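As structure tokens, here come the structures.
In what follows, chain A forms one complex with chain B and a second complex with chain C.
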Partner chain A sequence: MIAALAGLLLRAVVVLFGTALLTFALLWNSPGDPAQAIAMARFDALLTDDVIDQVRVEAGLDRTFWVAFLDWLGPLLRLDFGHSSVTGRPVWPDLSNAMGYTFPLALAALVIGIGVSLPLAYLATRRPGGWLDRASVAVATLGTAIPAYWLGLLLILIFAVHLAWLPAMGARTPAHGILPAVTLGLGVAASLTRIIRSGILEARARPFLPALRRRGVGSAAIGRDHVAPHAAVPVLTVLGLELAFLLEGLVLVEAIFGRPGLGSFLVTAIMARDFPHVQAVVVLTALIFVTVNLVIDVAYRILDPRIGGRDA
Partner chain B sequence: MRSVVMLAVVMVTVAGIGPLFAPYDPTAINIPNRLSPPSSEFPLGTDALGRDILSRILHGARWSLGLAFVVSLISLVIGTAIGLLAALGGGLTDWVTMRTTDSFLAFPELVAAIVIAGLTGGGTWSLIFALAVTGWMRYARVARGIGLSLKTRGYVIQAQLAGMSGLAIARWHYLPSLLPSLTVVWTGMFARAILGISALGFLGFGVQPPNPEWGSMLLDARVHIRSTPLQMIWPGLAVVISVLAINLAGDALRDALAEERDGP
Partner chain C sequence: MTLTVSGLRVVRAGRTILHSTSLSMSPGDRMGLVGSSGSGKSTVGHALIDDLRGQGHSVSHVPQSPDEALDPLRSMAFHWREAERALGGVDVDRAALFSALGIDGGDMGKRPWGWSRGMQQRFVIAMALIGTPDLIVLDEPTSALDPVVAAASMDLLERHLQGRDTAMMLITHDLGLAARRVSQLMVMAEGRVVERGATEDILARPQSVAARALTAHKSWAMVPC
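The block that comes next holds the complex of A and B.
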């Protein structure tokens, strides 16, 4: 177990380093003059070449690739994300401010997603092939085909424009978070419902269940001690994918609802060529992603001791 | 298999001949008729520049479906090549390629595509590049898995001993085993590519105006959600119907393959 954990950790570190290097190389080699874009974003005017050169030196764009990469990586290991090349302010306060908008939204969406899909999948599998089962599969299939940005617009149309129950744009009050959270949450619920449903059905088909029943084990105890852990394994597998879906959805949902979270932070930074900001979001996303997948890998081994590794 | 081939044919047909049925030029600006509701003249109404929405949806199929088709095929080729390289190379080659694959997977694909498309300047080519570069990993994993299991099969080893060329072995022994599973992955990635292209279009990093693309049409329509809400219904509906059709075909194919393998 210790050796396996060390292996997983080493792999996570290699993957993180690879992501950081790839991101940096991509930014470094992106077409167009970043110094000019930064100067434009900062001064909002056409500038002479020597001003742009000053910006280039100040933003550290005159260094060679490896020098610049190591200059960025060193402080990053101490969680120092550097300074914005547009505003000159430290990255971290602005980044954590954006996270303050994004994390509660992600959490709410996850709660809605699990809160809808778990009972729905459970009810659907009580009578496999029944109308409720078929209806929930149909709705979930449809749900996975609806893109977050369209669902968000539909919800704005119904609840903000027609009924005028909820605010649509901005993030001033908690009420502003309801529509974004529902938009994301329903997307999560759609894909989770299908996975949990087939997980439960597969677990129920296991040959040891009739044996347990014949030994007189109650159906509640079978559900809790035998069906649930078996159904949890495939669910765990997709939770990593679900997180990717959530992060992708966040960028779009924040754009639709005008929320100043990580997604908007990223889109703004890309437009302005603010490399330190883009790098910070990318590294943070990779860190979250790798950490969650590490936790999932460990949970996997605990739930199913036979598994040596997911892709073994 | 047949359902997916049929689907591909139908999609390509829609993207190919759909524009022929468009009543108007999709980029023809007609300011006096701007934001008009559906009528016999403009079946789905017009947008903020007076362009016919039906014509834009039909022409948009060429962009949204056509680009998704191209992107998913490019990543299929890249991914399969990388996966087979890992499986057949073994050892260090395998380790390096698979850790590279992990690095690419260690990041939400669409977010990566947004960063890449945004930084490479926007537009159609950077869109194709961004989505292909972030879409090959699943093919690689599947191809590697199948490649590893085939490498030690008797008939493959015998073919090698009999002096069959590497290319012939790939064609006659690897391809038939790879094709079904890769086709299933492909349907999923085709659907994802449609969603990705329209998402990037919606954020402004995708197909650039005035070209009609469903995602960028949604971006245009969003501003007019109060005055002409119907304008944002049509492009979204087009995306949902396409993705749904592809997903259902993929599900049917997967079930058919599972039945073939395990018996009915």
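The block that comes next holds the complex of A and C.
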């Protein structure tokens, strides 16, 4: 177990380093002159070559690739994300401000997603093939097919424009978070419902269950001790992927609802060629991914040590 | 206490898969139920268990393979506790049962696949013996094991049952196994019991077509179990 954990950690570090290097290289080699883009973002005017060259030196764009990479990576290891090449301010305060809008939203979406899908899947599988089961599959399929931006606009139209119950744009009050959280959460719920449903059905078809029943084990105990753990294995797998969809959806949903979160932060940074900002978001996202997947991998091994393990 | 069932009948989807069957067993009896695949042996086993339980007898069941009895995600200790709880906290001498079946060396903290298959099956048999049931139904208990391990398991089970009131029903298509382990035989074909009697008689002078077909292959005399 300890060896397996060390292996997982090593893999996580390699993935993080690879992501950092790849992002840096991609941005470094992106077409166009970043110095010019930064200067435009800063001064918003017609520029002379002198000004652009000065920006190039200030932003450190005149260094060679490896020097620049190491100059960035060194402080990063001490959690220093550097300074914005547009505003010159440290990256971290702006980044953490953006995260303050995004993380609660992501968490709320996840809670809504799990809170809707778990009971729905459970109820649906009580009578497989029954009307509730078929309805849940239909709704879930529809839900997966509907893009977040369409659902978001629809919700704005209904709840903000027609009914005027909830605010549509901005992020001033917690009420501003309801529509974006529901938009994202329903998408998560749709795909999770399908996975949990099929997980439960598969778990219920396990060959040892009839023998347990014949042994006199009650159905509540069978559900709790045998069906649930077996159903959890595929759900865990998908939860990691679900996070990817969630982050993807966040960028769109933040744009639709005009929230100043990580998504807007990233889009603005890309437009302005603010490399330190872009790199910070990518590294942060990679860190979240790697951490979540690490936790899932460990949970897997606790649940079923046959996965990737050597001994019982 | 004699175990008696009469008029056992199973209809599934409008088709009779078990025609009216009656049987009675005395404590300590060893009964074999043989027949080709699909003849209705397991159906008799399940119907018998349900009927006898309904009468208030304790009956346990050992399925064909340990995969059909043990959850791969749960430890052996968990399975054992669960079986004890299901039987209502009867007094069990686990150590004695385990040493009788030769699995006292097994690590209870491991999951089923951490044990050999032979040990898993003997663990399942041990679970079936919790509380000394009136009848233990073994449904093809050795077909998932290699012959030597299977013979050893059956020897251990037989030795444990000796002097106890637990009757045994052995469901098998393996006549060699039945010949060595049971004193009475019931031969099944197409959902009916077509022949019954003492094991030697049926083996020596099979009357029904099904019994003759089963005994025609003399190779059953060669296998060790």
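Going forward, the second predicted complex is superposed on the first by the 308 of 312 C-alpha atoms of A that agree within 3 Å, B and C clash if a C-alpha of one lies under 4 Å from a C-alpha of the other, contacts with A are read in each partner's own complex, and residues count from 1 in each chain.
Heads up, the rule we're going with is that a contact is a pair of C-beta atoms (placed from the backbone, for glycine too) under 8 Å apart; a residue touches a chain by one contact, two chains touch by 3 or more.
Keep in mind that what you see is a predicted model, and the values were worked out from it rather than measured.
Participant: Is the arrangement of chain B and chain C around the shared chain A a clash or a fit after superposition?
Facilitator: fit
Participant: Let me test your reading of the model: by the given contact rule, A:304 touches which partner, first (chain B), second (chain C), both or neither?
Facilitator: In the superposed model, A:304 contacts chain C only, not chain B.
Participant: One more residue to check, A:154. First (chain B), second (chain C), both or neither?
Facilitator: Only chain B is touched by A:154; chain C is not.
Participant: Is A:97 contacted by the first partner chain B, the second partner chain C, both or neither?
Facilitator: neither
Participant: Give the angle at the C-alpha centre of chain A formed by the C-alpha centres of chain B and chain C in the superposed arrangement, rounded to the nearest 10 degrees.
Facilitator: Roughly 90 degrees separate the directions to chain B and chain C.
Participant: On chain A, which partner touches more residues: chain B or chain C?
Facilitator: B
Participant: Does the superposition put A:217 against chain B (first), chain C (second), both, or neither?
Facilitator: A:217 sits against chain C, while chain B stays out of touch.
Participant: Using only C-alpha atoms, work out how near chain B sits to chain C after the chain A superposition, in angstrom.
Facilitator: Between chain B and chain C, the minimum C-alpha distance equals 19 Å.
Participant: Using the superposition on A, tell me which residues of chain A are in contact with chain B and, in the other complex, with chain C.
Facilitator: Comparing the two interfaces on chain A, one with chain B and one with chain C, the shared residues are 311.
Participant: Which residues of chain A touch chain C in their complex?
Facilitator: Residues in contact with chain C: 206-208, 210-212, 214-218, 221, 225-226, 229-230, 303-306, 311-312.
Participant: For chain B, which residues count as touching chain A in their complex?
Facilitator: Within the complex, chain B touches chain A at residues 99-100, 102-104, 106-111, 114-116, 118-121, 141, 191, 195, 198-199, 202-203, 205, 215, 218, 221-222, 225-226, 229, 232, 236, 239-240, 243-244, 247-248, 251.
Participant: Give the list of chain A residues in touch with chain B in this complex.
Facilitator: 11, 14-16, 18-19, 22-23, 26-27, 30-32, 141-142, 144-147, 149-150, 153-154, 156-157, 161, 243-245, 247-248, 251-252, 255-256, 266-267, 270-271, 273, 278, 282, 285-286, 289-290, 293, 311
Participant: In the complex of these two chains, what residues of chain C are touching chain A?
Facilitator: It is residues 46, 49, 60-61, 63, 67-74, 78, 82-83, 85-87, 107, 110-111, 113-114, 127 of chain C that touch chain A.
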